[in-house]
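Labels A, B, C and D are assigned to the chains in the order they are written; within every chain, residues are numbered from 1.
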């Protein structure tokens, strides 16, 4: 039922980058470079391009200046070669999506398409190379972000989104479903052999819930919290530290100056073997979101970055998540 | 104003141990040994005696079986020699307290007295020696608790408590006071050269708020949370992880099976020099309790372990702390 | 020149397991389970089967009892499906190797073949599933080994070995070559998107230099050293901790009771994109083996586990590595 | 036999600072500030003054420019009050040492005296206060050095040195002695309640073996090694990481640009109680210097910083320590 297509039409390799808009590039750079620890790859008057410490590709986070409301413009996926890009174009045409070739700075040939639930995607196989900072240990600071790992997206139709990515050869590692049924609330889907490249969760969407950034160790999770306190970024702190049941991430969530959310996490596992069957979590099992800590505050559930120009749809499924407010009201 | 007596009547060296009651010694042992990582020094049908991994003294936590409501019986302080015990007896007599010599298993000569705000104290200079587990690294697990570090006590009169400990040569490292006044809300007092041996905070008391247990590293704070999740101790988790502004502790708080609270923390600093003047925090500065994380839930502020047989008094000062409930209601 | 075959004849997914012989299974179990922290999946009178904490496959290390000299029997690779196994059989026939179907306990269909430089390989797509211990945090101890990551093999002909694995679609991430030439001394080859599944280095071979085991954090590297000291495994300690230039691993090397070597390491990077070109290290650059620490002792360079029944050949290239002995004699 | 004087003539509180000479202050600053992570408190054309991240006192390491051979000028100890300084002056006079009052920048009243084995000591009770960087987490880098912890000194007469410090109220925590005798090879002596303020070891002296600097965590020990590799300080790396049996320190040793040695370590224990009896290590027990790692290279045993103007004397006891060279020659 949750089977990946064994003969995908082209080879998507991984979640790669995201493009967002920001109202004040100085504030954005201060947040991502001074606090979180990203490297600045390029900046011009309209945009900043950032990469993690180990990344050789030119950028994994791009922020373009806006004078309007901040939004996410695109989430980026990498395909293996330009032949895969061609095959992707043909495939999307065939299934009646609307792919388009575009020019994007610092990237090779690039394809845009919206997925069936309205998520604006960007595919490419190459970016300009830049030196890795993997062994420039003197530059490790803040959370010492190593690389972009995954995108979590809110959608009104988790089943439809899941079917699409399974058809592209994504494999399901974990999922949340209504107790006793196969009604999907959230799906963790991957190509690169760890828990997730894209995650789709039920809610008013399409919207970007967060980008997940891999960091080396537990210490880095705490260090970035401490530095946030030192540098006065306290109000950007949203949730954590805690341990997700799903995916096993030790996490902390921050909101950037425009409200875009990032997860800093470590401790993903390997998911490569054919007999690595999807792990199911009942909706009623609160351990899926937090193995030991407090639940999330309500805003973590209900706020996300709109995709530029995409109207929001109400989700097919309705539920009251166990928020921190509810937890405190009822259990303490 | 907050000066330690330069010629104290006897030499208190440190916070040493606590004696509490518990309804189910098996449950208590499971919590402290299996989860937190304490070593069991002795157990008989009436009591269990625990020590941290580096401790050579016989016990730092004692739990005696009760069929009634659990309580704290005594907080223990160490004096340097038995001569100091004699001097302590004489001093307490002189200031009209009621010291008494008692026999306590596994301890040398032992003195009981209540401090002026009703805290039942126990003083000794020696305990039976047991082997340290400092270099038995295979026994490190859970939080890898190294040693008892301090007692935090709720009192109706912080000024009176503070004056008493200053007179015994305790030094004030940090304190909370009403903005613009020297009205004391909490005082961190020490003899051993780090931030605290005893802490007195304003509230309905006397009551034991928590015992503070030193652990080696940030990793141990997270590890014990993870193990709590694995072993099903989630409901014992109360607050954290977070960073206290006061004392700089990275902390997590658990409640034991009888509701007694422990803090697991690391990162204390050294406070030895004469010109290490007390650090003042205004009551309105929420960073004193949390540098970057969420505030504490209400129960953290209002629940504590009664001292056996000691009636509670309302505090002289009234305030609404910034609880997690208030924070969520107002700011998110 | 170092190009992976873009259309490999079948899909190898990763390094998976190793089969070795041991003279005393109790001693082997004590080393791998009590010290290193592996989980025992099965034991009978002839063999023990071990897996790392996150592994769901039945075993990643197998030790079979021998009354003779200990050796490595096979290194195991996983293919994606049983269709890939069939394709592998046909491919190996076609290139005049001698594949054979075998029955192996706890594994699905299994294929044996020797690679062109004499390394005995074992391929399968499935093993029996066992519960992961990823979220059984109370079982984390020693090095908290998560999974087998790679095999390092000594060969008399690095070029021949490398050509073979490139033809199977392995990609080269890093390599060592004679200064100014493309004469290969060592090649790091991968399928799973991190630095290595198999590594071939120049020397008297074929022989297994070590299996690389991924651990979560720096702390785990130090913790296992401490526990080795506590439990009396000091003489099993061989090299480290240190940081490899190649692959960026923070490493420590132990020898097991039969002399088989394991590397415990963390901090691998992701290697997925097509423009992730191989990183070259000159033979004269000692930073390739150690970024900051002391060089390896001579035995690290010259001792390895023979493959059972495989004669050793002298390598085509001769060199004096910078051993610890040479380093101390010359530079201190 | 190893009893501290219960009524010391004055109150020494702790090891506090060291004054050394350096040939190139820029190189010294680069080493201590850029690599190790010290804060620069002051610099003029003749000297730099450094302090650790938590220190409020003006300096714990001072380097004065020299055009000659670099040396250590003084090791500094703190007394509690200026009354203790007066008592110290009188005491040293009485026992026929030659105390002298001196003016030292950024310090209060200061007393100089040589101890009976020729170590030049400097005592003061106050220094100028500077802000602590304890909660300026954005400044933590390199090893994140928190504070100077102890001085290790090579002496020709360990017994004489030990007797002197015991007479000042120092307590012995651990010591090395000839197997079966009480002939002292090394003594760990403390006032502040952890394993050591001064350590005296047998050898050609007086000479400063190293200053010990406390760092927060294991991670910091590895991080500074990595940064040393990144920034090209490899040749300054001398020994480690490893675990000392004595004192339980996880350590790494560096040599600064003038050859002065520093130990970066964590994991000291508390030593306060009267029944904390000295721990004895036989000379033949190599675990005293390294619980699990390789022995030290010869230079670690035989090189030290001379004290300016102090002639060296041969030690009373002769031994061949187990050097790395000997270990490699004999055991591998």
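By our rule, a residue touches a chain if its C-beta (ideal position, glycine included) is under 8 Å from a C-beta of that chain, and two chains touch if they have at least 3 such contacts.
Note that the coordinates shown come from a computational prediction; the quantities given were computed from them, not determined experimentally.
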item	value
Joint neighbours of chain C and chain B, given as chain labels	A, D
Most remote chain, CA-based centroid, reference being chain D	A
Contact-richer chain pair [A-B vs B-D]	B-D
Inter-chain centre distance, chain A versus chain D - centres from mean C-alpha coordinates, in Å	49
Averaged-CA centre spacing for the pair chain B and chain A, given as whole angstrom	43
Separation of mean Cα positions, chain D and chain B [Å, integer]	33
Multi-partner residues of chain D (at least 2 other chains)	135, 217-219, 226, 229-230, 291
Residues of chain D defined as touching chain A within the complex	34, 135-138, 140-141, 217, 219, 223, 226-227, 229-231
Interface residues, chain C side, partner chain A - complex	6, 13-14, 54, 56-57, 78, 80-81, 125-127, 129, 132, 134-135, 146-147, 192-193, 216-219, 245, 248, 267, 269-270, 272-277, 291
Chain C contact footprint on chain D (complex, rising order)	218-219, 222, 225-226, 228-230, 234, 237, 241, 243, 250, 287, 291-294, 297-299, 324-325, 328-329, 332
